[in-house]
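A, B and C are the chain letters, set down in written order, and residue numbers restart from 1 in every chain.
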Amino acid sequence: MNKRLKLQAGWVFIAPSLFVLMVFFFGPVFLALIMSFSDFDIYSLADIDNLRWIGLDNYFKLVQTPLFWKALGNTFYLAIFGTPLSIAVSLGLAMALNVKNAPFKGFFRIVLFTPYVTTLVAAAAVWHFILDTRSGLLNQGLRLLGLEGLDWLGDPHYSLPAIILFSIWKSFGYNMLILLAALQKIPDELYEAATLDGANAWQRLLHVTLPGIMPSLWMVSLITLAGYFQLFAEPYVMTQGGPAQSTLTLMYFMYNEGFKWWNLGTASATAFVLFIMLLGISVLSPKNEAETKP
Amino acid sequence: MSLLMAAGLGACFKREDGLRIWAMGTEGEKIVPFINAFNHKTTGPKFRSQALPWSAAHEKLLTAFAADNLPDVIALGNTWVSEFAALDALEPLNQYGIDTSNMFEAAVDNATIDGKLLGLPWYVETRLLFYRKDNLARAGFQNPPQTWAEWEAQLAALGKIGGNHKFGAFMPVNEFEPLVAFCLQSQNQILIDNATKGGFQTNGIKETFAFVKSLYDKGYAAILSGAEAPDLYASFGRGEFTFVITGPWNIAEMRKRLPADAQDKWATAPLPGRTGLGASILGGVSLGINKASTQKMAALELIKELTNVSVQAEFSKATADLPSVKPAWALAGLETDAKAHSFYQQLSLAKAAPKAPEWERIANEMAIAMERVVRGIQSLDVALAGLDNFADDILAKRRYMISLKGNAHE
Amino acid sequence: MKKMQFSWFSTAILCFASFLALAPLFWMVSVSFMGPEDTNSLTPPILPSKVTLENYEVLFEQQSMGRYVLNSLIISTCATFLALSFNITAGYAFAKLRFTGKEKLFQGLLMALVIPGQLSMFPLFFMAKNMGLLNSFGGVLIPFMASLFGILMVRQYALSIPNEMLEAARVDGASEYQVFWHIVLPNLTPIMVTLAIFTFLGAWNDFLWPLIVLSDDKFYTLPLALAGLSREHVQDHGLIMAGAMVTIVPVLLIFLILQRQYVRGLLAGSVKG
């Protein structure tokens, strides 16, 4: 009798959110898959009877679209260069915060986390000005140091690095906090033992620190990587995908196909390609962890 | 329970009842007093206007169409009319007996698809040369160029005095209008076969691309994209460049933003062509009525108001846009304005862009291709072949629809 | 001795990093109070030559910023309310209640974490259209009703409620609903605060979905308004910085006041090893 009651209660408790998830999340995802097998475009928008089913054609056409590869390439560039840099910065600062007897730790922690909290669109608008070739803060600073200012957002060679620079500034705080918590869990005795064995700072880093935080390190790396794959707001606000589409990311490409040109068939196909790649990344994650990403 | 709340909240904040008109750019802001005046006069329902930034207008309009949320009166860029015709979003106006005889014929033609008048031309524009007379004089020329060859000679001479992109032409690579304008001057069409295939590898178009490319290669125009170009007005005011190809709104903007001592130093002129003054792209905005509007008569009254001669003249004075109604030019004092006169000339030489719904995408791609060529990422031949492929590909559905329906979507 | 030196070195790094972290924000504040003489000059100064409020005046008088602030407030508050309503019960259920299929269901939800939200965008758009929720706050709020992340966060925290407390209540004859209302809910208050903060900030900062759903600028949220401002008034740096200020300051305030709860949520379930 009791057991049955518990059964019902459990389902009642999860029913609302489960219903919402089914209807507003899983349902649309499934529909998106279906859509990717059609040639939905503005003619279909006018009259749904103009829709044709084309199977995997969207996917075939996608791989033949140069702009798709350009966007993919840009996204890979961001992911490959941005992720290690981002992690290095976060780890370095986490280690600096972890040092014993360091003064004002609480203060630094808050200050360093501030960029992460700011609204992305607002921060991108601010950085758009900072990266301004003529009057931006960054180039002014460079000129003070005797270097020449660079055309950050106007030169296709510097536009992606500029986005990476901004992205690191924006998000290093999050990884830093997680890595800090992980670092704090490493017992002091391990360090003392290593020192007694004659290890220097570098060896302590390699053999005590890194192994100690490996699960968290791995996790934040994957989250950061996945984040770079989904980059959209930064180029949308700062460069509109330019110059010469050097900052067109996969998400931006998908947005353009979908909401600018209304080629929903192509856009859905792109979304699924993105999904497959993220799936691939997640396969690399350690099992049995409840990964949380905000 | 919470679902109900959400739906309730949603209903609370739905779109209002009340008529809407959307307009782009500064016109969207400047139209407000005219709407207010109309609201004051009319006994029918009142209108509210919303301004859309040009950079996002096209996507917002399409999204609104998809959401069944287009406003009652829609200001449409002339190149978008055929697209919205294909969407069957516009109310045909032929039945309402509107007299369009005093409007520029090319503009009326632009808004007529398959014999149906789908919009009233609101204001027209075209692109032509704005230039610094004093720079030209310094280089030894008293008159603006009438042919490509003359223009190149002038740019070369200016380059010698200025050096390093100074004194040349301001042509951001991400704007397709100048490029398209020059292409329209050619004997060959940009899109062939009733706008169902690309014509980019025909001689005329190829030569045009090569000509524009040479302006960048020879340093007459700096390779910039609009977003991070230096302030156009400050630069032009300082005489840092000599030519810019832009539209009529800049007559007022230049007058407003240029320093006083620069005001008599600039002028306008029609575009040079190969053998004499050339065509340009007919642009502008037409006002259409949403086919799904529940207040079509009120919408009709508004667009008739906005196209009557005196309102056209007033609006022109407020925005420096060129009236689509010819008698309004005199009323607005444009007949005597030398700077506006070039536009009247150009408008009689202007040509409409290809009337395919996909045109906007192709035009965008033209600019993108030119940017790649000019930055050395691709050769011209490869880029032109690429454009043909792009156009053929994009127009595939249009070819299919035409073969289905058996008649031209124009 | 070695540790002391290290401390100076690391403190120097932290100072430098803090400077880099804050400099852009400081610049934003400064420029927002600058007039066009400063912002249009070839090298704008670090501090305004003359502090002026005109950017804020233009923002609120001509650009209707006040309305956008209100919109953002309404949406964020409603989203928070929705998230709390839907996710608390589910999180608790997955933590403490037994029911058929619980394990499988939970595993399924975990795997679904990988699915990017953008995948559902297009069909959801048409769904919202058919429900009449496009171009309204309701449409914007849809994604906030239930989130996998929220459920997981609540579950993680709810796991720590001692079973004995629950059992004692059940033995006393309380129904599951009474147990939840009287015992569990008060104990979940800390994580509810955290969830509320996350949802509020997430809704405030949300960009892509509102961009798609809202066509009337009457309904715009701050990020949308700012993006439009930034693309249309590209040269008006002071105005854009002022807009950025208005968007960011509330977020920063919430964070500063409630940082403990915020950080707790971040670290919940993320730290291993």
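Simple rule for what comes next: a residue touches a chain if its C-beta (ideal position, glycine included) is under 8 Å from a C-beta of that chain, and two chains touch if they have at least 3 such contacts.
This is a predicted model, so every value here is computed, not measured.
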| item | value |
| --- | --- |
| Taking each chain's C-alpha mean as its centre, the one farthest from chain A | B |
| Contact pairs, highest-scoring chain pair | A-C |
| Distance from the mean Cα position of chain C to that of chain B, given in whole angstrom | 40 |
| Approximate Å spacing (C-alpha centroids) for the pair chain A, chain C | 16 |
| Euclidean distance of C-alpha centroids - chain A vs chain B, Å | 38 |
| Multi-partner residues of chain A (at least 2 other chains) | 16, 20, 134, 240, 259 |
| Multi-chain contact sites of chain B, meaning residues that touch two or more partners | 2-3, 55, 63, 66, 227 |
| Residue list for chain C, restricted to those that touch at least two other chains | 85-86, 142, 145, 212, 231 |
| Interfacial residue positions of chain C with respect to chain A in the complex | 3, 6-7, 10-11, 13-14, 17-18, 20-25, 27-28, 31, 39, 41-44, 85-87, 89-90, 92-94, 97-100, 102, 105, 109-110, 112-116, 118-124, 127, 142-143, 145-146, 148-149, 151-153, 156, 175-177, 180, 198, 201-202, 204-205, 207-208, 212, 222-223, 226-227, 229-231, 237, 240-241, 243-244, 247-248, 251-252, 255-256, 259, 263, 265-273 |
| Chain A-facing residues of chain B, complex | 2-3, 55, 58-59, 62-63, 65-66, 83, 86-89, 174, 224-225, 227-228, 230, 357, 361, 368, 371-372, 375, 377, 386, 397, 401 |
| List of chain A residues in touch with chain C within their complex | 3, 5-11, 13-14, 16-18, 20-21, 24-29, 31-32, 35, 92-93, 95-97, 99-104, 108, 110-115, 117-130, 134-135, 137, 140, 169, 173-174, 177-178, 181-182, 185, 212-216, 219, 230, 232-233, 236-237, 240, 251, 254-255, 258-259, 264, 267-268, 271-272, 274-275, 278-279, 282, 286, 289-294 |
| Residues of chain C that touch chain B when the two form their complex | 40, 78, 81-82, 85-86, 125-126, 129, 131-139, 141-142, 145, 212, 215-219, 228, 231-232, 234-235 |
| Chain A residues touching chain B - in the complex, by the definition given at the top | 16, 20, 39, 41-43, 45-47, 50, 66, 132-134, 151, 153-154, 156, 239-240, 242-245, 259-262 |
